[in-house]
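Read through the structure below, which is laid out as structure tokens, and then see the notes.
Chain naming follows the written order as A, B, C and D, and within any one chain the residues start at number 1.
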Amino acid sequence: MTAAIQVNAVEKSFGNVQIIRDLNLSVAKGERHAIIGPNGAGKSTTFNLISGHIKPTSGEIRLNGEVTSGLRPFEINRRGLSRSFQVTNVFAHMTVWENVRCAVLWATGHRYAFWKNVDTLPEVKQRTAEILDDIHLSHRRDVPAGLLTYAEQRELEIGITVAGGASVIMLDEPTAGMSHAETERAVALIRRLTEGRTLVIVEHDMSVVFGLADRISVLVYGHIIASGTPEEIRGNPKVKEAYLGEEVD
Amino acid sequence: MHRLIVAAAAALTVLGGAASAQETLKIGYIDPLSGGGASVGEGGLKTFQYLADELNAKGGILGHKVEIVPLDNKTNPQESLVQAQKAVDAGIHYITQGNGSSVGAALEDFVTKNNSRNPGKEVLYFNYAAVDPSMTNEKCSYWHFRWDANSDIKMEALTNYMKGQASIKKVYLINMDYSFGQSVRSTARKMLGEKRPDIQLVGDELHPMLKVTDFSPYIAKIKASGADTVVTGNWGQDFALLLKAAADAGLKVNWYTYYAGGAGGPTAIKQTGLENQVFQISEGVPNSGNKAAMDFEKDFRAKTGISVWYPRAVNEMRMFKAAAEKANSIDPVKVAAALEGMKFDVFDGGEGFMRKDDHQFFQPIYISSFGSLTDKAKEPFDEENTGWGWHIVSKIDTDKTMLPTTCNMKRP
Amino acid sequence: MSNAAIPTSAATKEESASALSFYGIWLIAAAALVVLPLIFSSGGSLTSFSLIGIAIIFALSYNILLGQTGLLSFGHAVQYGLGGFLAVHAMNAVASHNWPIPLPAIPLVGGIGGMAFAVLVGWVMTKRAGTVFAMISLGIGELVASSSLILRSVFGGESGVTTDRTSLMPLFGWTFGPQIQVYYLIAFWVMISAIAMYALTRTPLGRICNAVRDNPERVEFIGYDPHVVRYLAYMFAGFFAGIAGGLTAINFEIANSAYLGATQSGLVLFSAFIGGTAYFFGPILGAILVTYLQLGLTSVTSVWQLYFGIIFICIVMFAPGGIAGILMKHRPLIRAGTLGTVIPSYLVAAIPTLALALGIILTIETVARFSGGDAINLLGIPFAATAPTTWVTAAVLLVGGFLVARITWRRVAEAWDRAATVARDRGYLA
Amino acid sequence: MAELIVISTLNGVLFGMLLFLLSSGLTVIFSMMGVLNFAHASFYMLGAFFGFQLTRWIGFWPALVIAPLLVGVVGMGVERYGLRNTHKHGHVAELLLTFGLAFAIEEIVSMIWGKSPVDYRVPAALDFPAFTVFSTNYPAYKIFMLVVSVVIFIALLVTLKRTRVGLIVQAALTHPSMVGHLGHNVGRVFMLVFGVGSALAGLAGVIAGPSLVTQSDMAALLGPILFVVIVFGGLGSLPGAFIASLLIGLIQTFAVALNGSLASVFGPLDPSLGPSPLTDIWNVTIAQIAPILPYLLLVLVLIFRPMGLLGTRES
């Protein structure tokens, strides 16, 4: 079976500084995969590479077997990959409802249509309502996204990411800055929404990582030093040395 | 909304036929009063207001008080049409305009259409300075009258003068790249070629209009060409900057110009020190020696603070009065008929006439040069406080300014 | 959460009620356009209405760029002007060939002209938004305006190309000579264009335009190419600008290079911004106000440009949402029924503000007419520009008005806070 | 030919340096604040008129110092009471504020000094030909303008590269948000930068006024070309603006010197074709299109290299 995401020997340099070196990563379909690592290890850069936000200096990235390195983000998105952002990245002047609806439009095949009334497209309406229900923001549907609370914006961010129905979902620190209760709610939300899909997540909160992930990859200085189930990672001495050791002690 | 109601009410009164013998005779003055051309437009406005006062002091026109209604067109043809429409809507039957041939062409077209579509609401267009020859040739209109000599006529007069100047050997043409500049250029080529085939045309330049900030490159070209005479229709800053660059580079040639006397021109000439090297062709000169004109000039300057830029405007207003009296009516249709072919003693003396074929006024034309004034008694007027003034160099009589027209006048 | 509890029948009822009020607005607008010239029938008002109608279409088309897609253009008059030229040439061609095309179809030709230009240059122009787009539009604007003076055979030099709108075949006996007929032609196109442009905002493309405006980066991650979105928006803006240009050509029966110039581009930016770019109807208000000021102010004062500048600066500084923004800010208060809390503070603030405005006007006019010596007529009171009493009055109004206005506006802000808090509690404000 | 080349080069450099003098302030403001100041040319005009008025009262040399300072103060006022309040609404609002300001300043100037050109003359001390090339005089005043431009360029470069204030400006160029976090009073720095930028425009006005025409529409005439210079050179890049100024000065001057048209290269078109856009294009000379060449350059540069010649960021 082809992997959902396959990263082969990817390198990325900014000027003379090499951020990512010989990155190899494989995420199986339907798997929940977490990427962890200390600050500055290149987790966000890895996300940006896979989602097409930046282009690799060398190497190859495949999505469901198809080479996507070098494609633009929207081309990758149309092939079934959707990502969220670490810093909230919503459409601030549009309402919650419109934010989600925009994310639904391409997937429902309406694309750049200028001859259809967006308010009367039943499948768009239904799907948007579903997502809003899922992220518990139905009661805030007419509020401009920029006026939401931080936690609500994070939930909306997740909603936008999953709305298009992509088969591969990538979430960049979805619970960053949330309180304990909010985090628990968010984890439950993520678990439910990514049911049956492939999930790649970057997270600092280890309880989230170990509670959610099927497999974990550890990224240090732009290189994956270990990949495996949570148990394997817990027992991996290299990981302990490079990362967990510092944090646990 | 309030204004509109007032406007509506005003329009109703006009339609209601409340016109009495004392009804004010309004003339819409459509010229730039803001933006780039405003300095020129304001001079024109002062002139017409002075002339209206002059007429009113003598009882107006057929007992009607004359009022100038300023309408700002920002030198924009479209805006001019808005203003012209506004004038028509306010019941005005006479409009006058001068700055910009593009505006002139638009207005001429406007009055023609308006008068054919709204009989009984005719409007006459008195043109005091738009000199595009086409306005009295292929585009001519019965409702348009021009008191300024068109650029072809001026060139005819100028080349008639140049014919006698043996010292002119190499001529350089530099003009603004628009219809007026182009017509100056092409008629100069044609007429000089006919009248003085020995003159060598060493350069023929069109530069973009009102966009050049530094004329040094053009001056370099003139200098390289070895020209002894430059003919230019430039005006405004394009004239001032051109002359400044010439003076900076030390270019010593004679300048034959159309508009050196315009606002800012005399100042520029004085600054560059080109004494008696800049010539202007015009239908009037302040130091003309004509007593009535010079008295007028003196009073005009005292009251308005500017010199008489537009002797033709004086002719226009005085002739309007004469025509109305001849027709014994201020009805534009009758006034138009009276103006056709009318003879008139012009401001600086001599006879002019409004040619029936094309509604172009013909009058004596003067070549004058700009320099220090030696005999203050004979030449009392300087320009823009420079201490320098215009001396008459030559007078070209009316009959030597005549040109045929291609106008095929459609009369109502 | 609470919404989910509302029975579906109530939701449909609410929807149908809003649909009714929605169509109601358009019907009222259409009726107003029909009736307006019957109430204000003088030639002057007809001319004004015609110009305002054209300005509305033009400003709305501009807002497809600025308000809806976030593209600041300094060269929108290019499409407007090209539409105008094409319309004039089309009218001349139709007249000379006796084609059976009536005048009301001509603006469509203008629209196609504006769109064709957008299709041609839009792809490279819309590659980037922001300053780059603004500067390219400035450059293209200058280029086209200057080139129009070089390509004389098409643009007729600076005198332009003229036409005669009555030379086309009459429609139901209408020759379109009289201004009233032209007014109705324009009104017809205002309705059609406004509805079309409003409909455009309700399409998937229209919504994505908003998304591109808010966050072009994020749009790429929901499957859209922001470049394509901007390009399409640019084309539609060009189309409607072209229609406005075509109508101008019909109204004036002339097209010249001034149509394409920076002044036109600046005016439409003024209109859209003053009206408010965040709401669909904002530019309509802006177009009405700016055209009206342009027609009215120029005959009242010679320094109209200064007032324009001041009004614009005030809007940018104190009400960046424009007139529409100010109006819509009050909507939640009206719905929450707390508008009454703010109105008294407004009335109090209005007095010193008005005094301040009068002070500014008096000062400006005093300076402007100082040398001319004309009297200033303000609210029916004559002031001599050279009289010290005038200066003192101006100074008192200016300084006094400013000081008192500052205090009263603070009061307004406090009243606002109170009203907004209540509105928020009642759930009408986020 | 050699004569024309030498003189055109000289003229081009002189004009280019004037452009630089004008655009330096604009680019300094942009690099620090990200504001495209549409009123920059208006500050230049204010400089010219202040210079004119002060020259009347106290002479040219004191005016040369005081007028730019006055303009700088006006600029600081605009920043403090205008732009600073608008900043929160984004760059478009700031840009539009300066757009409205340009309108207002033009009208205020024409209200005070009238709409006709004022008689602002070259100071007597510099009113003589400095040297003569191929019998063309070069006035000392133009050389003075050239020297001032070069001095400003060097002074700005040194300030930006060697002083603390310069370091802050440089930092702001690449990391605008960091500067504030580093504890600098961003407000005051912004106000000073805007003041300095405006004062530079004012200086350009005082100096260019006597050489060009000092009139209330002088801002509108030069405004757009300044944007061409700084966008072409790369937004926020001082050396870029310097090179772009020179390049545009030279291109315009040489274009004027050339008489070529398609007709002169390939021969005239068959006259039986009648007037068409083709004949228009065929007969237009390079000299005729000289002033629109910068805009052509601007568009091309933005399409192929949106950051400009030496620019580091796109917008």
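Basically, a contact is a pair of C-beta atoms (placed from the backbone, for glycine too) under 8 Å apart; a residue touches a chain by one contact, two chains touch by 3 or more.
From a predicted model like this one, the values you see are computed outputs, not experimental measurements.
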item: Any chain that touches chain D and chain B; value: C
item: Most distant chain from chain C by Cα centroid; value: A
item: Centre-to-centre distance between chain B and chain A (centres being mean Cα positions), rounded to whole Å; value: 74
item: Whole-Å separation of chain centres (CA-atom averages), chain A against chain C; value: 42
item: Cα-centroid distance, chain A relative to chain D, in whole angstrom; value: 48
item: Distance from the mean Cα position of chain D to that of chain C, given in whole angstrom; value: 32
item: Touching two or more other chains - residue numbers and ranges from chain A; value: none
item: Interface hub residues of chain D, defined as touching at least two other chains; value: 107, 114, 288-289, 291-292
item: Contacts with two or more other chains, residues of chain B listed in rising order; value: 34-35, 177, 208, 211
item: Set of all touching chain pairs, with the criterion as stated earlier; value: A-C, B-C, B-D, C-D
item: Interfacial residue positions of chain C with respect to chain B in the complex; value: 40-45, 47-48, 51, 146, 149, 157-160, 162, 164, 166, 177-179, 248, 252-254, 256, 258-259, 263, 295-296, 298-299, 302-305
item: Interface residues, chain D side, partner chain C - complex; value: 36, 82, 85-86, 89, 91-93, 95-97, 99-108, 111-112, 114, 224, 227-228, 231, 235, 275-277, 279-281, 284, 288-289, 291-292, 295-296, 298-299, 302-303, 306, 314-315
item: Contact footprint of chain A on chain C as seen in their complex; value: 1-4, 199-200, 202-208, 210-211, 213-215, 217-225, 228-229, 232, 236, 278, 430
item: Touching residues (chain side chain B, partner chain D) in the complex; value: 34-36, 38-39, 42, 177, 205-208, 210-214, 216-221, 223-224, 237, 240-241, 244, 248-251, 263-264, 267-268, 271, 384
item: Complex contact set, residues of chain C against chain D; value: 72, 124, 127-128, 130-132, 134-136, 138-140, 142-143, 146-147, 150-154, 262, 266, 269, 273, 303, 305-306, 308-310, 312-313, 316-317, 320, 364, 367-368, 371
